[in-house]
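Heads up, the next two complexes both have chain A, just with different partners, chain B and then chain C.
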Partner chain A sequence: MTRFITSSFSHLILLIGILIMVVPVWMIFASSTHTSSMINMNGLQIFLGDSFYENYLRVLLYQGGFFKEITALKMFFNSFIMATGVAILSVVTSLMAAYALVYYRIKHATLLFWIIFITILVPLELRIFPTYSVMAELNLVNSYFGLIVPISASAIATLFFRQFYKTVPDELLESAKLDGANTWRFFVDFLIPLSKTMIVAMLIFMFVFGYNQYLWPLLVTTSEQYWTVVMGLKMMSGSIVHRFAFVMMSMVPPILIIIVLQKHFIKGVFQDK
Partner chain B sequence: MKKVQFKSSYSQYLFLAPQLGILLIFLYWPIIQTFRDAFTMQDAFGFGATFVWFDNFLFIFDDPAYFIAFKFTIIYSFVITLITGSIGLLLAVQANNVMHGKSTYKTLLIWPYAIAPAVVGVMANYFFSERFGLLYHLFHELWGFNWYESVFDSYIYVIIAGSWKQISANFIFFLAGLQAIQKSVIEASMIDCKNSFRRFWTITFPLLMPTTFFLIIINITYAFFDTFGIIDTTTIGAPSGETRTLVYKAYMDGFRGLDLGSAGAQSIMMMLIVLVITIFQFRYIEGKIHYN
Partner chain C sequence: MSFLDLKNVTKIYPNGTKAVHETSLSIDEGEFMVFVGPSGCGKSTLLRMVAGLEDITEGDINLDGKLMNEVDPSERDVAMVFQNYALYPHMNVYNNLAYGLKNRGIDKETIEQKVNDAAKLLQISDYLQRKPSMLSGGQRQRVAMGRAIVRNPKIFLFDEPLSNLDAKLRIQMRLEIKKLQQKVGVTSIFVTHDQVEAMTLADRLAVINNGIIEQLGTPIEIYDNPKSLFVAGFIGSPQMNFLDGNLKNKTLSAEGFEIKDVNTEHEGEVTLGIRPEHLVQSENGLINLKVDLVEQLGSDNLVYGQLKNIKDFCYRCPGNQTIEKGSNLSLNIENKKYYIFDKSTGKRVN
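Here is the complex of A and B:
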């Protein structure tokens, strides 16, 4: 009986928690399916209206932006390029750097270790204008390269891969050496397949990190052609229901990725098997 | 380090080169420039800069707006850490308790983590607008809520907006921490202590200490840096700069005011704050926790 009561209590608390998370998003979604005059007269809605297709299609295909030069569809394309670029570039470079740190006897290993990991303490927000002037000097403003690379300058994934490699038994390298594997073969044929869960988790983490960037794209894109979704939110013109629709669409890609790949993500980050 | 390692004269550098190259060009070079900016003053036409020692730092210490931003940032990170930590822990404990539906609850509580702070801010905006904001009107009925003018009310606005998605992150880590505690420890404690409330605070919570301190750092970092998107889409600092974080103020001074010297000095001050917090974490806290 007490067990029943305590577990009902748990369910109740969890339900309240879920409502706090779901209700605001649901209300914006429900409101995004109404007409603007309806919202202006009656405020946010709880029930669905019947302007779903009309509102969403218009937002996706209409030339929005300050100079009316870009559609939401193009912004999604830009965000996708940026997020994928950040995920792949940071994960590949981190995998390699962590490999050198763990599997090699390196001169000045401690110094290298600090050079790489102290960077975690200096997020982009703290060096945003100088980073911009570096990009301007290298002529990389308004380019995908300019959107991607400074965000990929991160050693977070390196830290995770290093921790993971250290748990790999030494016997693996010994037996690989007996099989005649050289350093490259060992990395590609043994270590990478073994780190698959961790790689997927880091790809998800960095994808979401890249997709959600706001300040950097705001600064490094002066041409609307390179606007991303998250920064575009503030720039979009249009009526209130179109804004609602755009907000809803902007959160779909990262949420979908987290929900669908949830198991891999949690497995990798927390290393549970 | 590994007992068995590769020895080579060059191939390790091939593996290190891509990351080191990116870090040197896109991180270290800008950091060096930050220091150069902080100790120089640009002339009005942008033709040159003169070395001014600590003048930029003295200016920011003389600026009342800097202390307002400093005060707000400290309060903001403390309150966000407290709120998101305790709600995240509460939900994680309940989710760990239930027999059925554990993974469904997990899925239903994890997704807000993925939403960008700027998107959360735009959403919060709709709930706090004077025209049709539900929370604005609810709070207005209760105590005359008006974030455009009251500092306290604007704090409430940005704290709610800033906490909402961060509850998810705290929930995920606390749940993982709870699941990592060995069953035998909990079972043994059940025999010794019948009161489940006391059992939690004397046995489970101390075992969660590593997770707790990790999350404190994560939450402080979030409140310092990631909330830029939230402030920029909600109050924009209103009323009169009372809800500007240090990062937000530095950005505004550099971007709107074109004062790169001041922005650089402010960045270096923030680096120092981050460094102090990190050293504190390693020196005083890490040493006091027992890892199982």
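Here is the complex of A and C:
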């Protein structure tokens, strides 16, 4: 009986937590399916309205910005390129950096690693002007390259991969060597498959990181052609329901990427058991 | 020059540990060599230098007529079985076996043929699609062996491959390794700290202590004729009994008894060694043993007792004899099978 009470109680707490998180999102979604005048008169809505297609289509195709050069669709495209680029580039560079740090006979490899690691303490915002001036001099303002590369060196991912490689037993490398594997083959045939789970986790993490960038794209793009979704949240003008619709849609890509990659993530965890 | 030739090989680790001292050794083609010695004596280091996994500080290693010192392990054509097997956890058994062949650019059909043959030989054909995590200890051991065999290397290296198995399986695998090696005929070096394993597997045996080969020979030679106190104590189970003594005029006086007409001119402080199995009961024997404990193994009894001031003196007798705790036994040494070692150097003198 007491077990029933404690378990109901904990479920109740969880339920309240879920409601606190879900209800505002739901209300924005529900409100985004009404007309502007409805919201302006009656406030946020709990129930769905019937302007879903009208509102969302208009937001996707509306020519926004000061010069009316950009649509939400293009912003999603830009954000997708940027987030994917950041995710792939940062995972690839961290994998290789960690490999070099752990497996090559580098003098002071530990010191080097910690130097890389302290860059975590230097957020982008702190180095944003020097980084911008480098990009400007290289003529990379207003390019995907300029959006992606300066934020694609991840000390955190390097840390994770390094710590993982350190747990891989030496015998595995020795065994592979005797089986004729060279440095490259050991990386490709062993470390990458063994760290698959971690690679997927890092891809998700870095995708969301890239997707959420605001200040950097704001600075490094002057052409509206390169606006991203997160910038658009601020820049898009329009009526309240259209903004709500845009907010709702801006949440979709990160959720999608988690859903798609999570399958591999869980599979990886089960296989490595 | 023999198949594998080690000449004055020395290993000093970067931290200054001298693990192997000027070791020279020749191994013939097809021979099963065992390195045996206590843990930390440098067995693995020596083996790993042959594999190329450790640099050679000084000396030369020749394999099949080629100097190996600077040859990369991947180019040496040696195969190694590790203590923890080091199977590739993300590959199934088939790919574990096939990986080394793929790296050598062998075509698919040949690989399949070789893997299947090796799998059949080792009775792992049923598990080819499984990952190593889904295998038992004994099966993993077989896969590790298979990975070595399938490549048909110049030499097999085993670094204590049986020590992770339970006692029964260890004995079974020991037998299988020996049979397999005889069948395949590949030159092998097997490292172990277990002297029974060493004795049963070896064609020839190198007893290593502190980075030095103390004695090299067939198991029986070493058992019958240990050249030093260390070898005498290490080989043989239960361990040889050691007593302090004094040699003078070909007469050895130990605690409570004397041996006359010893075949040595050596004089002074010595250690006398007698194997438990070289004692027999007889009336008016040399040695008087007061029995403290009897271990009945079935086939044998191990009798432990006190001899003057020496405790735990061991005598081995057939299992069908009943020996009472607390009784007194009168023992003689069979056929002059005793060993005398110089007390300070540990060298054999008779």
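Things worth noting here:
The rule is short, and it goes like this: the second predicted complex is superposed on the first by the 256 of 273 C-alpha atoms of A that agree within 3 Å, B and C clash if a C-alpha of one lies under 4 Å from a C-alpha of the other, contacts with A are read in each partner's own complex, and residues count from 1 in each chain.
Keep in mind that, in the parts below, contacts are C-beta pairs under 8 Å (C-beta built on N, C-alpha and C of every residue); 3 or more make two chains touch, one makes a residue touch a chain.
Here the structure is a predicted model, which is why all the values come from computation and not from measurement.
With both complexes brought onto chain A, simultaneous placement of chain B and chain C is permitted, the two fitting side by side without a clash. By the document's definition of touching, neither partner reaches A:141: not chain B, not chain C.
Legend: residue contacts after superposition of the two complexes on their common chain; A:202 is shown touching neither chain B nor chain C. By the touch criterion stated above, A:190 is placed in contact with chain C alone, chain B being left untouched. Once the two complexes are laid over each other on the shared chain, residue contacts for A:251 go to chain B alone; chain C is not touched. Legend: residue contacts after superposition of the two complexes on their common chain; A:83 is shown touching neither chain B nor chain C.
Angle at the C-alpha centre of chain A formed with the centres of chain B and chain C, after superposition on chain A: 90°, rounded to the nearest 10.
In the overlay built on the shared chain, the residue A:241 is in contact with neither chain B nor chain C. In the superposition on chain A, contact of A:212 is made with chain B only, not with chain C.
When the shared chain is aligned, chain C comes close enough to touch A:175, but chain B does not. No C-alpha atom of chain B lies closer than 7 Å to one of chain C in the superposed arrangement.
In the superposition on chain A, the residues of chain A touched by chain B in one structure and by chain C in the other are 174, 177, 272.
Chain A meets chain B in the complex at residues 6-7, 9-11, 13-14, 17-18, 20-22, 24-25, 27-28, 31, 39-40, 43-44, 89, 92-94, 96-97, 99-106, 109, 112, 115-116, 119, 121-123, 125-131, 133-134, 149-150, 152-153, 155, 158, 166, 170, 173-174, 177, 183-184, 187, 208, 211-215, 219, 230-231, 233-234, 243-244, 247, 250-251, 254-255, 257-259, 262, 266, 269-270, 272. Residues 169, 171-172, 174-182, 185, 189-190, 193-194, 271-273 of chain A are the ones that touch chain C when the two sit in their complex. Residues 1-8, 11-13, 15-16, 18-20, 22-23, 25-27, 29-34, 37, 87, 90-91, 94-95, 97-99, 101, 105-119, 122-123, 126-127, 131-132, 134, 164, 167-168, 171-172, 176, 179-180, 196, 221, 225, 228-229, 232-233, 247, 251, 254-255, 260, 263-264, 267, 270-271, 274-275, 278 of chain B are the ones that touch chain A when the two sit in their complex. Residues 51-53, 72-74, 76, 78-80, 82, 84, 86, 88-90, 99-100, 103-104, 131, 133, 147, 151 of chain C are the ones that touch chain A when the two sit in their complex.
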